[in-house]
């Protein structure tokens, strides 16, 4: 039974995608996630099913961390799917959206449950490419530009991953390398794997596609993009780096530093954005920075591995759900324009900021508890980073709410039925800390959050106009946009074929 | 009563010619019957030779020294079959080609005399007898070439006659010297006595010079293209495929049977260099030729070049299996060229008859109007270029293999360029044939004219390539 | 080594020969060169006689000088004055003056070579080569004249082919079609000459045919003489040179080879080998063959002469053109 | 007359005889012609099936016919030939169906199908050739059979294209002939023996063997479209679609590549070729072709020209695999023989469909074609993704094995970058096409659209072949590890080549 | 040491050479035919000279037969040549 469930998790989205084109298939996106939910709940860990004749020999299975990932991914895909069905009932190209949506979903699930190299790579590639369809759904010029940048970066990530996996496979010799076999990776392999997942996670330097793609995509798509797809990087790192077995001091250090820089740079740029979804995109980049830094930390100090990995999984789950809720909220706000939507948005915003009694706080506490086991200078630095990110997140959330407010003033469009799936998600976000007993709220954390709220309130009331000057000076794709503008300005048509 | 079939192959055509002259109204029927009978006789001779080995028939019962003997071994038997089949096919074609009875009455007797001359030449092994057959061949060929009566044909025939006479006279001088030196005219008898002395050398040069003039090897080829291009189609087919080849057959006979003692590798070059020049010059001219028949004529000059090239290589190989294989290759190339060129000329004749002239430039849409003819030209082209599955491919393979074995690069380059040029001029024609003319009018088929040409080309392009396995070992024990 | 056996006469003949040949080739007008050529032919006949080759001398006189001369003269008569050049594309002209010198030098070099070889070859005379064999086999051949024996028995096949060559030439000429009928007057001398010359020629031809068996003579010489009679008939204005017309003419044309072939096939099918006459009947058979050969050769040569002669009057039935 | 001595002969004859008969059919006898065509194709399929079964059970099939002392026309079924024969037989069957549909009402069909069958019998003969002499014969026959096909339309540029094609291929044929004859002169009759026959030759012939190798590769390189010799391929695009499909996917181009594989493995033996350091130049030539082909394809607006240049680069993967010493690279090279065939024929079918149904020849005219002809465009997408090397379509298997082979042979330094650059370039010239097809608006009316008959987007005979081959490509990728798959067969071949 | 046979043999060679040269160089057709005939006579002279074995003994009959045949062949060739020449003149329209 378990084997069937696992296979169906992967197969059902792909197969149903073929039927989704016609109008009758409107409900399919939501239904396709059910096997994944069931599998996440029922299938015992380290249960795997072998399909030797598929691809190069496929092995599907779940372990503890991938179970959590599968759970929150499935939930988010379910909600996003339902939301898409409701919102896009009148869109002419909904059929195509549904097909591409479900292909991406299939890729994402395959990525998580596929334990062998080829199915991981298949999932990674399928998700990346199908997501392109989601990004360029609207078809306007700016969206097309974002889609092109996204595509190039995704392909680059894919090929880097291919090389990395090739090197890994050539070294280990079997398609489903267990953790022990992964030790001793050469630094070429590490660079390639690192690069592939860095692009996916949106770390600094290769992040510019994310703030372009996420806002461009329709709301359900961007929810999934931010919520689950970029998490693939984490899964990749956890699975193909010898975390907990051998120490990778330089690689870990590099990852920690890059993660830290990403988080720190994301906050100011995020604040300067004019578009709410762009703000959310930068907040995702920040959060991914934190998680990558955590991975770097584990790489340096293997002893931390087991505890921190599970903590990270929970943190990722929290971030996924909250970020998904925020993105969906923006969509509903735009559609319904109802003021209560704005107030409900406060819940996921606070959760994301890590306010006490919310999932954010719980996740952060678990992470801090896991880190207490080891003691080194780096951990202290990481905890400091955590606090800074909390403060930044609060500011970003305030900025976001400030930008969403205008949408919710005129109560013109159709009723609340649209928001049903979103409300369900909010309930989950609220219930998250209960499920995950995070322990008592730490004083330090609450103090930072309150300070953040205070500053935000001050900025909000006193300088609604003056803040405008430095807002919007940095375009969403920041450094890439400048480079591109410089190149286009200087008349070099280097990227002509790409942008045709 | 074991009848020597080989005599029949001379007697039958002669009788046929006589009856044709005496009874002009039925000359066509007589001609066809004789042609058929002769080809049957040729095949029977070949079978007899395969079974028994070399045959000999003393004319008049006298010993060869005093009298004349007809001798046939596998080489001459194979040439007999070539002559028989090509003449038979051309005769079938000729029945459709000549319209008025007056033309028929003139054509058929001379045609049968030509056949008799060819058979007599291939079979005879007496030097003076060869001279007489050469003369008979020359005169009949000239009269047939001049049959169409236009000014160009008459001029070409006249030049052909003068060149032919010169060639025979020089050959006769050589025979006189040989008789002077060795006192007999019978080929095998002289072969035993010959050793490297001045008179033998001179006789060799004179006889070969005379024959090369008649075989139109490169420097002496100027008379061939106009003669073959302006003759009527069946005549030019036989001229190119057989008459010129008879000269080559004689050179091969002389150089291999009569003068082996004199031959040093360097003498081979005497034939090799003009042969190479012939290949290049002939192919180049063929490529530039404007008319299909002129193209075919120049291609004959080129193909003969290959044969002489082969001979040059043959003499540089020590007697042994490689030499036999190369000899087989040369013979196969000669046969393939014979069939292919006959097919090509007959096809060219059809094109000329159907569209007034055989200018290559206005062959447009021929593939549509005359599919069988185009297919014939294509098959003949394949055999001329030497692409598989034609016999010429095997021949060229042996040629290249022995040239590379000897490490002589010049020949390899010549053969390679020759093949490319051949491909150029063949596909130049085919290309126009494929270029569809706008209105695809109904394909016309005159079976009587189209099928013989097709069969000839098919033999050259496919049968000789695939089915000639049995021929090689037998040819080996001839030299 | 025989002594210095050539006499003064030989020197004279040789010089005459070479001078006449040179003159014939370089004479200014065509008519002169043809006349000189005929003279050259007669001197050649003399040389053959000198070299003890009477049969060849007769043939040379009748055919070489006589008939060839007649052919050349008729060719000359019906053409206007100016030369008709055979301008060949590249072959025959050999590029002007320097070409001439080059050719002359090379040809003379080859001639010297052959001459030296002849000297070398002649000295070791191999005792008459085949003459001995012919001598020994002569009585088997049914005739006593060795040349006729060789021609019609030992190398009969050669003669057969030679008649075929003659026939081929004739067919070629006929296929070229008669020339345009031109009007030419009949001079009285010819008619009177015809009165006594033609019977004389026929008589000598018959004698030549008969004597061939045991003395110089034979079918070719007899045929040539008959042809000469024909030419005279034609010059005298006789319609169609006295030849029969139509089917009979065609049968006559092929009679020579026809008889030869029937004889050959008869012996061949009789199992004795092609043209191997039964020893007893050899003489008579050879005579029979020679008779028909003579007729054939005569008719052929006359037609060659006529063929080249434009038809005087069209009214005669198809006549020579079958 | 037992089966083992006649089967190869029968397979060649099964398309030769119908071909010859078709030549003489009248234009109007449509039914008999189709019957002969399909009958011949089906018979060949059955015979090949028997042969596969036989070879798998170690049965020996060989037909011999002596043409001259030392020169023998020999056909035999070894692993490599079976692979190529199966490929060409299946694809010929599909292409015949397609051709019948494509040339529905065009003139001169008897001539077309006659030469079409001759071309396939030449390809099959070439595949089954047991010695170099037979290979040369069928190689030249292929040129002869394909020339009229390229010149089929008879208009000026068809004739011009055919002429260029002829000049190249005859030149190549001549080089191959010279090489073969020289080899024959040096080493006597050369039969294809796994592991090569030339290693036993004495030392002083090595310099000659080098020159012979150059000649042979030059000769084969023309048909395999290695860079300096590839000029004819884009020009030959003037041929009707089924011809360019069969020619450039299966027959002509593969003949060259197959020839190179034969020469390197079965004549020289790969170790011996490596000792003579012949493999590096071949590899470099292949690499240059791959990159050059892809770059040229970028700038081609005519769809078939773009596919042609893509073929130029794709076929050189086979040469690259052959030139890299090591069993894994061999597998990559050999399996690509099949994969490229299947994928490229799908693309050409699709291109033919567009041209025939909508009169679309240029990429710029392909906006929104996905909406008008979803089935064909889906097949086109599968083929294109395969070309880029995205799993699950067959292409990624090749890239996977080629990459691994390069790593194993230590030649990763230059092989991997080539693979990556070419994959990126493939993406660069295929994805814009897909983008236009799926995401852009269709023009109001197509260049010359045939009225839509019935439910299908085009006639059945035109619709099903591309779908069938797309499914094949997908299956070859998905079920790569299954028994009887091309990959399995390639491993069998590589194992036999390196057994010694 | 030059006896009659050799003398005539050499003359024959000389005549043949003159004939050959003239055939190549003379543009006029009829002169070419003349030259060929002269060349023929030259070669026949060479043959008869070899057949001559002194004033008293009988000459070699085989060679005589050959020369006879040669003469007949020469005359037939000349006749054909002249006929061709005449036909060429007629076609000329002159």
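Order of writing sets the chain letters: A, B, C, D and E. Residues in each chain are counted from 1.
Heads up, the rule we're going with is that a residue touches a chain if its C-beta (ideal position, glycine included) is under 8 Å from a C-beta of that chain, and two chains touch if they have at least 3 such contacts.
Just so it is clear, the structure is predicted and the values come from calculations on it, not from any experiment.
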- Note on the structure: Every chain in contact with both chain C and chain D is listed here as B
- Task: Could you run down the chains that neighbour chain D and chain E together?
- Result: B
- Message: Among all chains, whose Cα centre is located farthest from the one for chain A?
- Response: C
- For which chain is the distance between its Cα centroid and the global protein Cα centroid smallest? D
- Per the contact rule at the top, check every chain pair and give me the one with the most C-beta pairs in contact. C-E
- Message: So the centre of each chain is just the mean of its C-alpha atoms; given that, what is the distance between chain A and chain C in Å?
- Response: 116
- What whole-number Å value describes the gap between the mean CA coordinates of chain B and chain E? 29
- Message: On a C-alpha centroid basis, what's the spacing between chain C and chain E, in Å?
- Response: 11
- Query: Between chain A and chain D, what is the separation of their C-alpha centroids in Å?
  - Reply: 44
- Could you check chain E for residues that touch two or more other chains and list them? 16, 19-20, 29, 32, 46, 50, 62, 66, 69, 73, 76-77, 80, 84-85, 87-88, 92
- Which chain C residues sit where two or more other chains touch them? 86, 92, 114, 118, 121-122, 129-130, 134, 154-155, 158, 162, 165, 168-169, 172-173, 176-177
- Shared-interface residues of chain D (touching two or more other chains) are none
- All pairs of touching chains, please: list them by chain label. A-D, B-C, B-D, B-E, C-E
- Query: Can you list the chain D residues touching chain B in their complex?
  - Reply: 23, 65-71, 73, 107-108, 111, 133, 136-138, 140-141, 143-144, 147-148, 151, 153-156, 159, 162-163, 166, 170-171, 173-174, 177-178, 181-182, 184-186
- Query: Which bits of chain D are touching chain A when the two form their complex?
  - Reply: 298-299, 374, 385, 389-392, 396-397, 399-400, 403-404, 407-408, 416, 420, 423-424, 427-429, 431-432, 435, 438-441, 477-483
- Note on the structure: Within their complex, chain A touches chain D through residues 21, 52-57, 96, 118, 121-122, 125-126, 129, 133, 136, 139, 151, 155-156, 158-159, 162-163, 166-167, 169-170, 497-498, 500
- Note on the structure: chain E contacts chain C in the complex at 1-11, 13-22, 24-35, 37-38, 41, 44-46, 48-55, 57-62, 64-69, 71-80, 82-90, 92, 94
- Note on the structure: Residue set of chain E touching chain B in the complex reads 16, 19-20, 23, 29, 32, 36, 39-40, 43, 46-47, 50, 62-63, 66, 69-70, 73, 76-77, 80-81, 84-85, 87-88, 91-92
